[in-house]
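In what follows, subunit A forms one complex with subunit B and a second complex with subunit C.
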Partner chain A sequence: MTTWGLTKVRVRFRARVALDDVDVSVDPRTVTALVGGDGAGKSTALRALVGVVVPERGEVSRPARELIGFLAGQNAVYNDLTVDENLDFVAHAYGLRGTGYERRRADLLDRTALATARQRLGGQLSGGMRQKLGVAQALLPKPELVVLDEPTTGVDPVSRLELTRLISHAASEGAAVVFSTTYMSDAERADLVVVLDDGHVLLTGSPDDIVRGVPGTVWASDAPPSGVTAWRRQDAWHFYTGGSAPSVSATAVPPDLEDAVLVAAVQHQRFRDVGVSI
Partner chain B sequence: MTDDALAFPLDVANVAKRFGSFVAVDDVSLRVSRGEVVGLLGANGAGKTTLMRIVLGLLRPDSGAVRVFGDAPGRATRSRLGYVPQGLGLYGDLTIDENLAFVARAFGRKPAKSSDEGVRLAGRETVEAASLGLRRRTAFAAALSHDPDLLVLDEPTSGVDPLARAQLWETIRGAASAGAAVLVSTHYMEEAQNCDRLILMRTGRVVASGTVSDIVSGHAIVAVSSERLDDVFSILDADGIDCLKSQHELRVVTAAQPLVAQVLARAGVTATFTTKPATFEEAFVQIVTETVAVAS
Partner chain C sequence: MWAIAQKEFRQLVRDRRTLAMVVILPLLLLIVFGYAANFRITTVPTIVTGPSAAVTATHLPPLFKVVAIEQSYTATDASNALRDNKATAAIVTSAATPQVMVDGTQIFAAESVIAVAAKAGYKTEVLFNPELKTSYMMIPGLVGLVLVFIGTLATSLGVVRERQNGTFEQLAVMPFSPYDVFLGKVAPYFLVSLGDALLVVLAGVGLFGLPFVGNPLTLALGVVLFLFTTLGLGVLISTVSQNQGQAMQLSLFSVLPQVLLSGLIFPISAMGVGVRWIAYVLPLSYFIPISRGTMIKGTPLSALTFEFAMLAVLGFIVFGLSVLRFRRDLAPSARRSR
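Our next item is the complex of A and B:
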C-alpha cells in the first residue's frame, strides 16, 4: 500500500511562508483530519498535495491525477447546471461513462440523499446539499486519494452525518482520505489528526494520542482567571497551566480534543509573542 | 415601554410565513430576555433564516406578532439592533476602519476606535485582504459599534479556529453581560454549548427547546464494538444504517439495537453493543429525522 502525503514541505507566497517544514501522511483506508483556523495553512497543504500549489522545498507523494478526487472549498458546484449535469460534467473530465458510471452516480445520489433533487439547479440547493454534491463529485471516479477542503463547513448536523458516513465509506473502499475542518467534533471521528497553526504542524496523532499528549493540566473555573488565556466550555472557563497550581479556585478536568488543540494553539501563540521560533 | 418589552427585547408570538404553498415558518413563538443568549438550530430549510429575516423586519409574517423592544420591527427598532449576517455584510474594497466608520455614520454615530485590539491594529487593511477570522471580528465590531440591545447573529463563527471562536464567544457573552439579548443561529455543538437556551426547528416548527442537557436528555445511541470494526461499518453502511465511525467504536444514531444485531448476525460478524448517551449532535439528528431515541 502506498502512503501519500507531504514531507518537509515549504510553500511561499511572495514574502509570506504559508507552510514551513510540514509533514502530513495520508494512508489508504484511513481518514486524516487537518485542523486549524483561517490562515493556518490547511488549504495550502491540501492544494500542495493535489498539485495545484508547487512547494518551494520538500516532497509531495500523490497518485496520478485521474486517481485524485478533490473538493476545493465551498464553490465546487456550478450554479447554472442541475445536480445531474454537475455530476456528468465531472464524469466527462475523468472519462467516466456507460453503466458503470450510471451505477456509481446512482449510489452517490442515494448516499447523499440528493436522488430527489437531480433536476434542481446547483444555485437552488441549500448549503448542505451543495457540499454533499461537491463531495459526491470528488468521489465519483473512486479515487485512491480523496482530498476535501472543509467539506462540513456551514452544513447542518443531518447532512454532516451523511457526509461523515460517505467519507468513512470511501476509506472502507480503500481510499486514502484527508479533509480539513475547524470543528473538533468532525476531527475526533478521524483516524489521524494533524493540527496546523501559522503554517506549522503543532500536533500529529490519533485523537486519543493528542488528548493524552496534553502537557500540564487543564482546569475549569466559574470565572475567567486573569493573565492566562481561558476558553469558555458550556458553563465553565477552561485554562491551562504547565504544572503550577492555578491562581483562582479551579478544578482539574480531563481534556478533550478541543481543549488539547486550544492548549497547543495557546502555547504556540505564547512562543510567537515572545519571538521564539519553533 | 411595557415591563414585558423591557424584560424581553425580542418577543415572537405564533408567527407563520408561507412562500406560495411552502410553509417556511409555522406557528413559532420564542422570547429572548435581556442578557440571554438563545441559539436557533435546525437542518437546512428548517426556517431559521426566514425567522431571522422576520425579526430583522426584512419579511412580514403572514400571521402572528413580532415585537422588538415592544414595537413591530422597523426603522426605529433597527437602530437598537446589531446584525452579523453569514456573509458578514462588509465592503471588501474598503479598509476595516472605513467599514466601521460607514456603519457608525449609518447609525448616526461618530466613528470610534473598536475595543478589539486586533481590529484596531489592522484598521488600514482592506477587508478583502484580511483573514476570515479578522473579517468576522470586524463584522462583530461593526454590529456592536452602536451598543445594540438586541444582537442577531447568523452562524457567527463559521470557519474560524477554536481559539478565535472562543474569543468571538467572549465578545458575544460580553454583550449579553452588558444587557443585550442575543439570538444566534448555529449548526455546531461547539457554539450551542455557549448558549443559555436552545431552540430546535424542523420544517418551520419548534420541535425542542431548553439547555443542551435538556435536549440531550433521554436520547441514546447504540455503540458497536468489534475486532472487525471496518467490516462492521461496511455491513451496516451497505444496509443503509446511519453510523459514525470513530477510533474504537461505531455509533449507530438512527436505528435500534435489535435491527443492528440482526444485520450483523446475518453477516456472521460478532460484536458487542452498548447503549450510550447521545451527543448533542446525535440527539439533534434523532429529533430532526424523527427517529425514536433508543431508550437509555
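Our next item is the complex of A and C:
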C-alpha cells in the first residue's frame, strides 16, 4: 500500500514563504488532520498535495488524478446545478456510469441526508448541506487519496458529526484521507494529527501521542495570570509555565489536544490570540 | 463623509484595472473622437476603366484617388471590382460621358461621390444599396458586434465565474486535461454565438428586407474564424481577471475600440493616419468586409482571402495565447504521480 504526502516541501508566494520544510504523510485506511490557525499553511499544504500549487523544493507523492478526490474549501458546489446534477458532473468527469454509479450516489446521498434534496439547486442548500454535498462529490469515485480543505468549517454540530463519520467511512473503505480543520474536536477523531503554524510543522502524531507529549503541566485558573499566555477554556483560563510553578492560584489539569497544540505554539513563541479556534 | 471618500480613494488606487480605465478611457475617447470619428470623406479609392481610362484619370476631381487603371475592363468588370472590394468607386469611360459606379454599402463615401460626380456632370450609379439604406451598412456589422459581445463578454464572465466561485481548483484536480476544460468551457459560447449570429442575419433579412446575395457558407466560415478571436479574447481576459467585475471592465475596454474603430460606424479611410493602424489590428475590421460583402454584394470567397487570412492570423495569436494562459492556470506544473 502506498503512502502519499509531502516531504521537506517549501512553497513560496513571491517573498512570503507559505510552507517551509513540511512533511505530511497520508496513509491508506487512515485519517490525517492538518490543524492550525488562519494562515498556518493548511490549505497550501493540501493544494500542494493535489498539484494546484507547485513547491519550490521538496517531494510530493500523490496518485494519478483519477484517484484523487478533492474538496476545495467552501465552494465546491455549483450553485446553479441541482444536487443530482452536481454529482452527475463529477461522475462524468471520473467516468462513472450505470448501476454502479447509481448505487454509489444513493449510498452517499443517504449518508449525507441529502436524499430528499436531490432536485434542489446548490445555491438553495444550507451551508452544512453544501459542505456535505462537496464531500460526497470528493468521495464519489472511491478515490485512493481524499483531500478535504476545511470540510467542517461553518457547519452546525450535527452536520459536523455526519461529515466526520463520512470521512471515517471513506478511510474504512481503504482511502488515504487528509483534511484541514481549525476545530480540535474534529482533529481528535483523526488517526494522525499534523499541527502547522506559520508554515512550519510543530507537532506530528496521533492525538493521544501529542497529548502525552506535552512537557510539564498545564494549569487552570479563574483569572488570566499576568506575564504568561493564557487561553480561555469554557469557564476557566488555561496556561503553561514550562517547569516553573504558577504565580497565581491554579490547579493542574490533564491537557487535551487543544491544550497540547497551544502549548506547542507557546513554546515556539508563535501563539496568536486569533489562532487556533477555542 | 470624509472617511468614506478616503476609503474609496484608497480602494481606487489599489484597483489597478479601474485606475487604468479611469486614466486610459478618457485618452482613448479623445483619440477616437478627435482623430477617428469623421464622417467626411476626402478621398475614395477609385478604379478607372474603359478605352479612355488613362486620359480620364488625369482629369478627375481630387476626391477620386485612382488605385488602378484598367482599359480592358467592361462595365461588368468594373462592377465586379467594386463587389470584390478592389475599390469603392469605378469610373467607366466606354460612353461619351464617364459613368461613375459607387459601392452603396459605403454610405458616406457614396454620398460624397454622388455630390462630386453631380458637380462634374458625371452620371452616377449606386451599386448594392441603391437607396443608401443605413440598415444595409449596419446589420452586417451588427452580426460582428453580436459575436464580439457574446464571444468576449459572455465567455470571459462564464470562465471567470468558475474562478470566483472557487470551483476552478476542483476542475484542475479532476481528471480533465486543460484542453478538455478549455474546450468544454468555450464550446457552449461558440454555439450560442453562432445561434445569435444566425438570428441577427434572419432578422435583418426578414424584418429589414436585407438581401442575402452571397454564399452563406462564406459568411459561416468568416463567423467561425472571427469567433476564434473573440472567444480567445474572452478566455484571455478571464485569465487575468479575479472576478466578474474585472472581466466585465476589461471586456468592455476591448469591445469599445472595436465598435468605434473597426469601420462599423466611422469609415476607416476617413480616420487620421495616426489612429488608423489601431483599426488594422482589430478583428472586427476584417469581419465587417466579409459580412457586408457576402450579404449585400455577393463578394466571393476568392476576393476575401486577405480578410480571412488576417482573421486566421489574429485568431491564431489570440486563441493561442488564451490556451497557454489557461493551461498555465490549470496545470501549474507537470503533475508527478506515484
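Note that in this section the second predicted complex is superposed on the first by the 269 of 278 C-alpha atoms of A that agree within 3 Å, B and C clash if a C-alpha of one lies under 4 Å from a C-alpha of the other, contacts with A are read in each partner's own complex, and residues count from 1 in each chain.
Note that in this section a residue touches a chain if its C-beta (ideal position, glycine included) is under 8 Å from a C-beta of that chain, and two chains touch if they have at least 3 such contacts.
Predicted model, so just to flag it, every value in this text is computed and none were measured.
Trainee: Using the superposition on subunit A, decide if subunit B and subunit C clash or fit.
Mentor: With subunit A aligned, subunit B clears subunit C, so fit.
Trainee: Should A:R189 be classified as contacting the first partner (subunit B), the second (subunit C), both, or neither?
Mentor: In the superposed model, A:R189 contacts subunit B only, not subunit C.
Trainee: Quick one: name whichever of subunit B and subunit C touches more residues of subunit A.
Mentor: B
Trainee: Looking at the overlay, does A:R12 come into contact with subunit B only (first), subunit C only (second), both, or neither?
Mentor: Once the two structures are laid over each other on A, A:R12 reaches no partner at all.
Trainee: On the A-aligned overlay, A:K142 touches which partner chain: subunit B = first, subunit C = second, or both, or neither?
Mentor: Once the two structures are laid over each other on A, A:K142 reaches no partner at all.
Trainee: Report for A:G36: first if it touches subunit B alone, second if subunit C alone, otherwise both or neither.
Mentor: In the superposed model, A:G36 contacts subunit B only, not subunit C.
Trainee: Examine A:R120 and indicate which partner it touches, taking first as subunit B and second as subunit C; both and neither are also allowed.
Mentor: A:R120 sits against neither subunit B nor subunit C.
Trainee: Output check: A:I68 vs subunit B and subunit C. Expected answer is one of first, second, both, neither. What do you get?
Mentor: Touch partner of A:I68: subunit C, not subunit B.
Trainee: Quick check: superposed on A, how many Å separate the nearest Cα atoms of subunit B and subunit C?
Mentor: In this superposition, no C-alpha atom of subunit B lies closer than 5 Å to one of subunit C.
Trainee: For subunit A, give the residues common to its interface with subunit B and its interface with subunit C.
Mentor: On subunit A, no residue contacts both subunit B in one structure and subunit C in the other.
Trainee: For a test of understanding, state which residues of subunit A touch subunit B in their complex under the given definition.
Mentor: Checking each residue of subunit A against subunit B gives 29, 36-40, 126-129, 150, 153-162, 164-165, 168-169, 172, 182-185, 188-189, 191, 197, 206-208, 229, 231-234, 258, 261-262, 265-266, 269.
Trainee: Quick one: which bits of subunit C touch subunit A in the complex? Just the residue numbers, please.
Mentor: So the residues of subunit C in touch with subunit A come to 165-167, 169-170, 172-176, 332-333, 335-338.
Trainee: Subunit C touches which residues of subunit A in the complex?
Mentor: 2, 47, 50-54, 60-66, 68, 70-79, 90, 93-95, 147
Trainee: If we count contacts the way the header does, which residues on subunit B are in touch with subunit A in the complex?
Mentor: 42-46, 86, 131-133, 155, 158-166, 169-170, 173, 187-190, 193-194, 212, 230, 233-234, 237, 242-247, 253, 279, 281, 284-285, 288-289
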